[in-house]
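Listed after this line are the structures, all set down as structure tokens.
Paired with chain B in one complex and with chain C in the other, chain A is shared by the two complexes that follow.
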Partner chain A sequence: MATELGPTPVKEPASGGAPIHHKPKGVGEDNAIASQGKWAAWLLAPTIFALAIVIVYPIISAIVMSFQKDAGLDPATGLFTEGGPAGFSNYTNWIFQQCAAPDGGTVACPPGTLGAQFWSATGTTFYFTIITVTLETILGFWMAIIMARTFRGRSLVRAAVLVPWAIPTAVTAQLWLFIFAFEGIGNKLFNTTILWTGSEIPARWAVIIADTWKTTPFMALLILAGLQMIPAEVYEAAKVDGASAWQRFRMITLPLVKPALMVAILFRTLDALRMFDLPYILTEGSNNTTTLSILVVNQIRQGFNSAAALSTITFIIIFIVAFIFVRFLGANVVEQQTGAGKGKK
Partner chain B sequence: MTAATELRARQDRGRKVAQNREKWASVRTYVSAAVILFWCLAPAYWMVVTAFRDVGYTYDTSLLPTHVTLDNFKTAFDTSFGNRFGQALLNSLFIGVTVTVISLVVGVFAAYALARLNFRFKYLVLGFILGASMFPGVALITPLFQLFTNIGWIGTYQALIIPNISFVLPLTVYTMTSFFREMPWELEEAARVDGCTQGQAFRRVIMPLAAPAIFTTAILAFISSWNEFLIASQLSNDATQPVTVAIANFAGAQPQQIPYTAIMAAGTIVTIPLVILVLVFQRKIVAGLTAGAVK
Partner chain C sequence: MKTPKFLLPVAAAGALALTLSACGGGGGGATATGGGDAANGLDARGPITYVQGKDNSNVVRPLIEKWNAAHPNEKVTFKEQTDQADQQHDDLVQNYQAKNPNYDVASVDVVWTAEFAAKGWLQPLKDKMAVDTAGMLKPTVEAGSYKGTLYAAPVSSDGGILYYRSDLVPTAPKTWDEMMGMCSIAKENGIGCFAGQYAKYEGLTVNASEAINSAGGSVLNADGKPNLNTPEAKEGLQNLATAYADGNIPKEGITFQEEQGRQAFQDGKLLFHRNWPYVYNLAVTEGSSKVKDVLGMTALPGKDGPGASTLGGHSAAVSVYSKNKATALDFVKFLVNEENQKFFATQGSLAPVIEALYEDKELVAKLPYLPVLKTSIENAVPRPVTPFYPAVTKAIQENAYSAIKGEKTVDAALSDMQKSIESASAGQ
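Presenting the complex of A and B:
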């Protein structure tokens, strides 16, 4: 496997993205780009059309909605408000945590209302994201290194890591709720008497532990795939040159696995930023475990347009994070994607 | 002579040290492997053990199965407390199969184009599809909720199937694209030399070869639809809710008491088929799972 690799084996040149290397000379040569383009357009049309309906249309309609006022009784103040164009007020209301006031203006949202939770939900979302992704990266890397070794029972380990991944998140949430029950196995094993869902820190860590359990395998498998791209000869050469295990890890493994690692971290980060199922079921958003996704869902029944503004803000936040990853941290998803399949022989 | 013996002795010593070090390394590997096994399997084991434990001993913490019973599975399917787990299983199956079939039928063409053809805007299309697969479901839920309310679709199957396509289809396309890149396309060219059109070559030669890749993609697509919760929790009703929603809202005889044993039984029923599927097709699944990101 992976023998003809150059000095940077994982991040291979995309070579125009086309699988030119597969194409035998002669026969396919008449397929000019133009005619292939026509073919491609027809083949891609159904997918693009379907995605336009299920993604592009909702995004646009969410953006349109977010500039409209919600008509109806304001649940926070009990006042009737008219619909109509809202300008940016739905956005500013979230960001400055303001609600409608009796005189038609705005006041700071009373604590406990949804409008007062924007920044705490943003904070919670990032808290979860940073901690879970960090834990999952470290644990996942460690698991990947173990799984990359040859030992008896390796396939058993590789199969076992798929178990948490295969269990639906809703079931995972209920399972950990049971483990973290006051009289549950969690407190029993560690001889503690923690009310896990009763206060902020334990509630948050209950979510973090459950999420780490569920998604570390995915991370480990992505990193493992990256590790397997590194040819053994590189390690042999480094060993001959007298590099210690730590040096080999730092100077070979880390740089060579970095492209794969960055993509894995990007995937997990974007996934964590939209976290919903676990805190929604495990802690029901109580004790500062309300993420932005939960806040949007809670808002839907209190006003579509305001919820649309919040979901657009969430989308923008996720987009910015993705942009930072791709632009500044070198998580080149498309290149990884188009470069795929060449290393494996 | 003496120099040679000395050299041999030194080599022996060196080999012994190396062997010792290797032995220690392998011990460490096995210990680590055991830790990974424990971490991944212990909670799942606890779910199964609890599923088979008598409800009166819900909080029994002995690690081995005790008070074994099948009652919890009966309770899971019991509808007298408003739970509709059986119905939910059928709903999930129906939604999952429909979404998977639609995504595969639509996505296979796109994957072929992305893997095989050379055209302008290829990166743009790839980027769009990858971006779509990472798209936050919560950004779709509000407009869809309003739209489906207006046209009376809340609680219908199509209201659950259509949003699922938004993340299953991109997943399908990029997984299949990666698989398609690794196929022996020379055979397609050979078929064309023998007089097939590109379409015929695709149907007669490539499709049979692609079957395992498509099957793996189907499993991944089905699992991601089966596990969906956010959209289903908002757009379904009692009659159409999938298992994830049913399990999250599982009610017991007393409102204050969470019927954990029955929930764990339900969770076991939902999980076992997936785990078996995943373990049987382990290699392929891992390849498909990591296809979009790394190779």
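Presenting the complex of A and C:
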């Protein structure tokens, strides 16, 4: 969106720089550009420095750790000793659900170990992601369309809608925990006796309901931003041509809001794939609500290196999903923009 | 693009960042403590820090003020952690891992002692660093020990109590079977019979190991190996599973943590309830409580007599990275002396670890549950003492939960528990 207007003129010189300066290209020009580039680099350096510390180093460190064995117990002294290099065993143990056997080899992880939960946690993570993102997109779109209209008290509605999103997730989870308690208002209101956090399907839906309640406003706002970029004239012209409301929605709103919608869905998907706090507080991961992130946190308490491998696997899974989104679903967005850019020249 | 020079400052900055942050890292694992006493700071005195979870009942600050007034050159600073046990654990691990010399004395939950000791983070409390444990309740000392050496001095203890409705129950049950026999009273009155904590969290480990220990079994044997394929363990877990299937434990029991259970009991919806001593004060003072005048307390029921409660509580441990260990040791002794133990009990309702205090008239008048609690703690079994506690507790929770809900037979659950613990403690 709007990259041509981007506030980063420093990038321009690298791709020619001609549009900025109106005088014809001369000898001094190249020097000016070069020194500008150098300046930019020095100005960028502190940021890169900070990013290297907070992003690059932890990632590299985690990857290095994931190839180390976790500390084992020396039976003679009762003290932990360093595990040494592990090769890919931390990764293969997760993927093939293998655990250490008492005699030294590996066995299929017995139920009750974290290793036995890898694939079910992956399944749960995607289950939550697909259902919550779908619900949030539909409800968010609906809310955005309402908010885009002009009516009395519109700003009040916009502010009110944001409230669930503004509450920290941990607090939200605690609130829903009270609602879903056996003696809680959820059961009282509908006169039911559902064990919301004590059986599988209700537990999953408790998480989905709480997450949808919390994150739909975020979706709605991103979509609203996209809706507001559509000029009113387009609709007027369509009206003059006799397009029905449905046609206007399908032929104008949807295609024009698509870039914003795609970004919103991408953000939410990546977010939902790392879902942690809601299920952790609501159910502690019981009844098949353990997501990959919960598994990572549980594993951290049992061994850092194996947890590092698991978080790297989670990272790769999320990366693949993001890649699929950008490559196959967002491809159109990129094409349109470059096409428009070329047209301008 | 054309000039590689463009990237130079950026690359330089990146490289610098990596080197700098690498300095901050460092391996964990065991540390060999070499050098003499002086090098280890065993004789050194000076300011230290005491690390503990949130001081909810405001008992730590007054004590530290008292200490600081008496020791102006060895002042103690209080570092308060959050009130979440998991976060306290992780905070301690991170700081020990980073060899932080400022975590001189830390309050350690009984279940973490073995793990921290096996990592080589805790100063053994022996020889020069010895703490006198005579007069302390034996199970609390065991819970602070690893492989026969004391690593953490017991400061506060905790044990389970069976609360019951004295208006409905004629005589308090002594055994599990007696208690189950009284469930007909609950049925006549249209209330639930018994509940503890059966949601899938640490409380389930407490309750499941209580059931197993009370039936004469044990989760781990004396060598720290799992010992679950025994008739006693089976009987213990089967007791819970049968009670849940019969409805003697109401179906919502599977969602109970301490608070939900307490609420149900206080609302008059349970005949028997297993919980910690903190319930007493709330049940007799809260306005909404329906059991104020009919609150009975007794030891947990066992097979032929009192059951084996799971031990709770905290101990104080000295970090091996502390620079002023002599001061740290003195402060630990200060925390466990009789006067301050009494202060903890009266101000914070923390169960003392000194046996004599349970007969102190003044204390018993204030905390009437002390005699019951003493029986409970005397019969208590520490939760499995193992450096692999985090994995062991998960294995117990996962399988006990399935067994109680009836998704798995008790035999299968115990055998899976056994295999999971074996695998966790096999190392790699």
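Details
FYI, the second predicted complex is superposed on the first by the 286 of 345 C-alpha atoms of A that agree within 3 Å, B and C clash if a C-alpha of one lies under 4 Å from a C-alpha of the other, contacts with A are read in each partner's own complex, and residues count from 1 in each chain.
Methods note: contacts are C-beta pairs under 8 Å (C-beta built on N, C-alpha and C of every residue); 3 or more make two chains touch, one makes a residue touch a chain.
Since the structure is predicted, the reported quantities are computational estimates derived from the model, not experimental observations.
Annotation: superposed three-chain arrangement on chain A; chain B versus chain C shows a clash. Once chain A of one complex is fitted onto chain A of the other, the partner contacts of A:254 are absent, as it touches neither chain B nor chain C.
In the overlay built on the shared chain, the residue A:46 is in contact with chain B and with chain C. In the superposition on chain A, A:37 makes contact with both chain B and chain C. Residue contacts after overlaying the shared chain place A:181 against chain B and chain C alike.
After overlaying the two complexes on the shared chain, residue contacts for A:61 are found with chain B and with chain C alike. Contacts of A:153 after superposition: chain B is touched, whereas chain C is not reached.
Between chain B and chain C, more residues of chain A are touched by B. Of the two partner chains, chain C is the only one touched by A:100; chain B is not.
In the superposition on chain A, contact of A:292 is made with chain B only, not with chain C. In the superposition on chain A, A:304 contacts both chain B and chain C. Overlaying the two complexes on chain A leaves one chain C stretch of 2-10, 38-46 or 92-100 clashing with chain B, which is 92-100.
Residues 37, 41-42, 44, 46, 48, 50, 53, 57, 61, 181, 183, 300, 304 of chain A touch chain B in one complex and chain C in the other.
Across the interface of their complex, chain C is touched by residues 14-15, 34, 37-38, 41-42, 44-46, 48-50, 52-53, 56-57, 60-61, 69-74, 78-83, 86, 89, 99-104, 107, 109-115, 181-183, 193, 195-198, 283-287, 298, 300-302, 304 of chain A.
Chain A makes touch with chain B in their complex at residues 10, 16-20, 22-24, 27-28, 31, 33, 36-37, 39-44, 46-48, 50-51, 53-55, 57-59, 61-62, 65, 142-143, 146-147, 149, 151, 153-171, 173-179, 181, 183-185, 188-189, 213, 217-218, 221-222, 224-226, 229, 259-260, 263-264, 267, 270-271, 273-274, 276-277, 280-281, 292-293, 296-297, 300, 304, 307-308, 311-312, 314-315, 318, 322, 333-334, 336-344. Interface of chain B with chain A (complex): residues 26, 29-30, 32-33, 36-37, 39-41, 43-44, 46-47, 50, 59, 61, 102, 106-107, 109-110, 112-120, 122-123, 125-132, 134-147, 162-163, 165-166, 169-170, 173-174, 177-178, 181-182, 185-186, 189, 192-193, 198, 223, 226-227, 229-230, 233-234, 243-245, 247-248, 250, 258, 260, 263-264, 266-267, 270-271, 274-275, 277-279, 282, 285-286, 289-295.
Considering their complex, residues 1, 3, 5-10, 12-14, 16-18, 20-22, 25, 27-30, 86, 89-90, 117-120, 146-147, 199-201, 251-252, 254-255, 260, 263-264, 267, 387-388, 390-391, 394-396, 398-399, 401-402, 416-417, 419-420, 422-428 of chain C touch chain A.
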